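The chains carry the letters A, B, C, D and E, assigned in the order they are written, with residues numbered from 1 in each.
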């Protein structure tokens, strides 16, 4: 996620960080080159004058506006739903810690060591769940052991062979809860409250998977790309008669906004990636880690993540 | 569902897989043929010059834009709601497995064989439920026995005579749950939690049926088709004077986007079919099967489905 | 609800069943007649030439597009919300049957006859509830005794004097549930689950009443009708100079789409009526009847309703 | 709320009741007067010819369309949310009566008079709650004693000194419920169900307050008003050259729709007032009164409110 | 939040308070200055005549309309969601007070002083929670001790070292609730109801954080600003030929609406700040304080906040 102040005045036009220009520069360059060519040849292509009035642009402009507006809204809805889901994971993680620590009684068996307390284990497992979900959504391997460091050694090893790691961790949560219930440390009513929180976390994880696995129907993307490219690459022929030498400038502005709008849509359509405008899942996981550790009473907590070069991962 | 990388550059225009061109090719061909005819005859039809200016197109364009934008959004909402419902079935299926296995106690009667354990039976019945719902929504017969293989022999036979199979399976779930409750293996509070999950599954199935049985009001479809066809088939007469020989090209582009937009809407309006852009219900059912089997502790699980020719069913 | 295949090709223009043409034929005829008159007199009215350019149409077109788009969405939202509510009634009716039959124990008193079993009575009363709500929303009298046939004789007579019949039936449900609870046949926890289902049914019924009793604010309807009529009836004067003899054709197409769009909105704004595009409440009630009877174990169930002349009531 | 049949044909243009014309007549008259002046002077103002082409109108038309569409949707959403909230109050009021009368046992103390029964008192207090909320939202004093007549004398007097009367009544509800619970007349599980209904009523009341206290951000209103007025008052200068004597007619039509659209927005933005298109809170409160009295078994109930001069308050 | 009557007539154009003019005056001035220069030089720049027709404005106008409409809706949705969340905090705060005071029994230990009663402490802590959240969202230090004055001395000191103060206060709430439960002053069922209210408050606070921490994707903002500025600064060149001396007036109107629309979006995109159109969090906190104190039976309550210079903070 790009985190920066809004530039103003003339600097507005030279801000590169957070601009979408990087993704579209080659298509844009090709388009402007064509416009230059058309301007220099006065719209003649191989000695044949292409007769294009303004009419086709308003005709193609109608479905293009519908496509762009539709895709824009649909992509942003996906992005914002994904952000809400991770906000949900954050808050349910906190609620889980609060519930586990206040609704489940301490183990009565005095010989039980602190390390074996299910309550502590469940709170730490919550941090592992967030990291495991993050890696699953991004498709990245957990090279730094971000998941395993929050688990008991045995559990971490057992998890390695499970394909759907977040679901595996949730099943462990439920087993620990059932164990506490059988020990009489939490009554059924309150166990049901905690079970509802676990269901909420499972639901949020499944909804993230849904967003990841179900892109916009492909023909929309294909139709929109085709229409937008045809529109922009035909544009110089329609403008050259009325705009003259300004044609490449106007083409550059129009193509920049259309291709830019399209490229932003591409980025936020899949909000779980590692590109500049994707969701800062590392930062959210860190926030959760801090809150969980503080709820366990620990004071040695890691600092929140800061944006690097205006970009929070 | 089409699963493929977005083509770029010149390949964008030659991608056929996932394109909507197949559905609209005959209408499009007729339209372009008319445009050719009009161009060659300079807009004369039987010696009579049709005088059509650009004005009618902006007049018809207004209601057409409203129609297309409206239908586009309504169809996509149906598609996305259907996708959410199946995501819901997936996650509630997992929650059901987690709840059944951790909230219901094992049968106390030592003579009961494992095969008779209601908990195991309920988890397996969940897979049957998903397949039964899939076949009901698609209107396909279950030729491969995808439903029966998850059921006890007796239950499978009994199900054959039930018209609404998913509802019949849910009633069995409730009966097993009631039986466990009467045996004292689950208390009322936790049984109510499991009952809420069953209600959620019933609700998701009923909502899928609603989408299948309630198309968009028919006059919308009829009005939109008529307006779009009139617009595109009148277009050559309006363009021929100002565009000359380019008329068929512009008509092809405009008609391709309008008919294409319309055809995508047709496909995703009914998201439970077997066409390329419909929901990949087979793949979702397989994912659920894998998760259910793993939660039962089985290691011999089938692999996830892979797209065939870019298309996931 | 119109249920038919989408016509294609040339038949598209001659499909009458499901077309909105019936409702708008007189207004449309008046409009085309005016266009003919204007064309024949070359835009002169009583020897005075009305000088109307294309400009007013784009000026009026702006608020008209906003109105039509807004009203279209608002009416469809009402229609779809109404459909969802009846889907909700259907599924909660099934859930009620499942809950009543599995969560409430059979009466222990051996002398109680089956006919007196509250569980059976509650399931049958659910069907009466759906029919009573249907008649209340449609404003039709229950001439066929669709409600009374599902009730005990005494209850049916008592209901006759109640003004809000669905609410009266729900109160009876609650009384039966309270009676079962006092007999110890259902514990408080599970009774609360059933009570939640009753609250859900009450809520769905109240929401249907809200849709029925609260039309779109009247000035919207009035403003839209006035603007659309002014637009279409001024249209011939603006077209005659540039379109000549084609004026009536273009006017007919534009007026057909505008008046048609408006008339569809009128129909689906009040989705509980008896017109062709209103909701098929009879069919939904029949579906519920079948499911309820089957859950009671009866095999002699009525068949589902079929569309008559492409129209499902 | 205006309740009337949709006029058709020529009567459409003369319907005054329910028209928004009353609110905008002076602005509209000023605008048409200016148009007349401009037409008579052929666009000259103090001997200086204002040269205005059609271009500015399409330039200003763009943000104006965005504003009008946005404000229209936002205002209607507020109106419809308010209507839903009152539908919610209606149904939760009925649910409260059903729950109170069937889930709480009768007082066991035989000496308790009927007038002291908390159940009866809670049902009657529900009617007082609706009236108190209505007066709070409308900012009207309760001159007819609509609130006090539903309360015990003592409670009515005590309420007079409370600033937030609906909240005060809800606190009394909770105290009565707690008292019943302490007497053992309702168990905790069912008391929690009733408490959830009370929370729902509190939530609906608070949401109504939110709508009342948070108008649309003021700059939107100001910007929209300014842009719409500039558009309409500049319009005669842009039309006079091409439309001639028809200028005032076209200006009247365009200004009527723009100012009318704006005035409807003003009315429904604050849906709790006493203007013709505001919500019929009196009628909704009466409906609730009737239902509550009938659930108490009373037969002497007031009639539903009828519209006066097509207007339901 | 600006709270004022809508000005009408000629005063509409001179209302400054609540106008967005302050934020955009320099950009607007630069734009009008350029328009003046272009008008005086008849569109010549350094002896070179820039040939700009109306065409580029309709071409750039298309993506601009999509951007402005999209951003407008997205920003207002954020604003309105934030307002709903604070309405939620208000109502759950009241529900918490009602639940704590009626569902938890008084301490049985007669020696416990009133000041030690957890119920009283929890109600007062609710006010501290609202103020703490307000300061966290605004990023302001709590210089007036608005948080600490509602807490016991010990708790206020302990809170100083916690980074996420609202979460810390919620954990204390849960600990007090657990303590009451262990003392047998509230049973599990009712404790779960109160716990649900605490979860709701945690969720509302987390959603506010989400809105604060996740702005609209930056490329949208950048693309929109660039397109809007290019549009407005190119406008004089396109208008000067057809509008002549009126060019600066038309440019001023168009630029005022575009820049104004953009600036309102900037303000309400981040609704928790201290600018004129941000949410009145101080006033909402005060309302909550009054309600909480009255529910504790105190009569010495502070007055509601009044707008200062039409602006409620």
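Descriptive notes on the structure:
The criterion applied here is as follows: a contact is a pair of C-beta atoms (placed from the backbone, for glycine too) under 8 Å apart; a residue touches a chain by one contact, two chains touch by 3 or more.
These numbers were taken from a predicted model, which means no experiment stands behind them.
Touching chain A and chain C at once are the following chains: B. Different-residue interface: chain A and chain B share under half of the residue numbers found at their contact. Rounded to whole angstrom, the centroid-to-centroid distance between chain D and chain E, based on C-alpha atoms, equals 24 Å. Multi-chain contact residues of chain C, defined as those touching 2 or more other chains: 58, 64-65, 69, 189, 192. Taken in ring order from chain B, whose neighbour in the chosen direction is chain C, the chains follow as B, C, D, E, A.
Across the interface of their complex, chain C is touched by residues 1-4, 6, 12-13, 15, 18-20, 54, 57-58, 61, 64-65, 68-69, 72-73, 76, 79, 83-84, 87, 90-91, 94-95, 98-99, 101-103, 187, 189-190, 192-193, 197, 235, 239, 242-246, 250, 253-254, 256-258, 260-261, 263-264, 267-268, 277, 290-291, 294-295 of chain D.
Chain contact summary for the complex, chain D toward chain E: residues 50-53, 55-56, 58-60, 62-67, 69-70, 74, 162-164, 167-168, 170-171, 174-175, 177-178, 188-189, 191-192, 195-196, 198-199, 202-203, 205-207, 209-210, 214-215, 217-223, 225-227, 229-230, 266.
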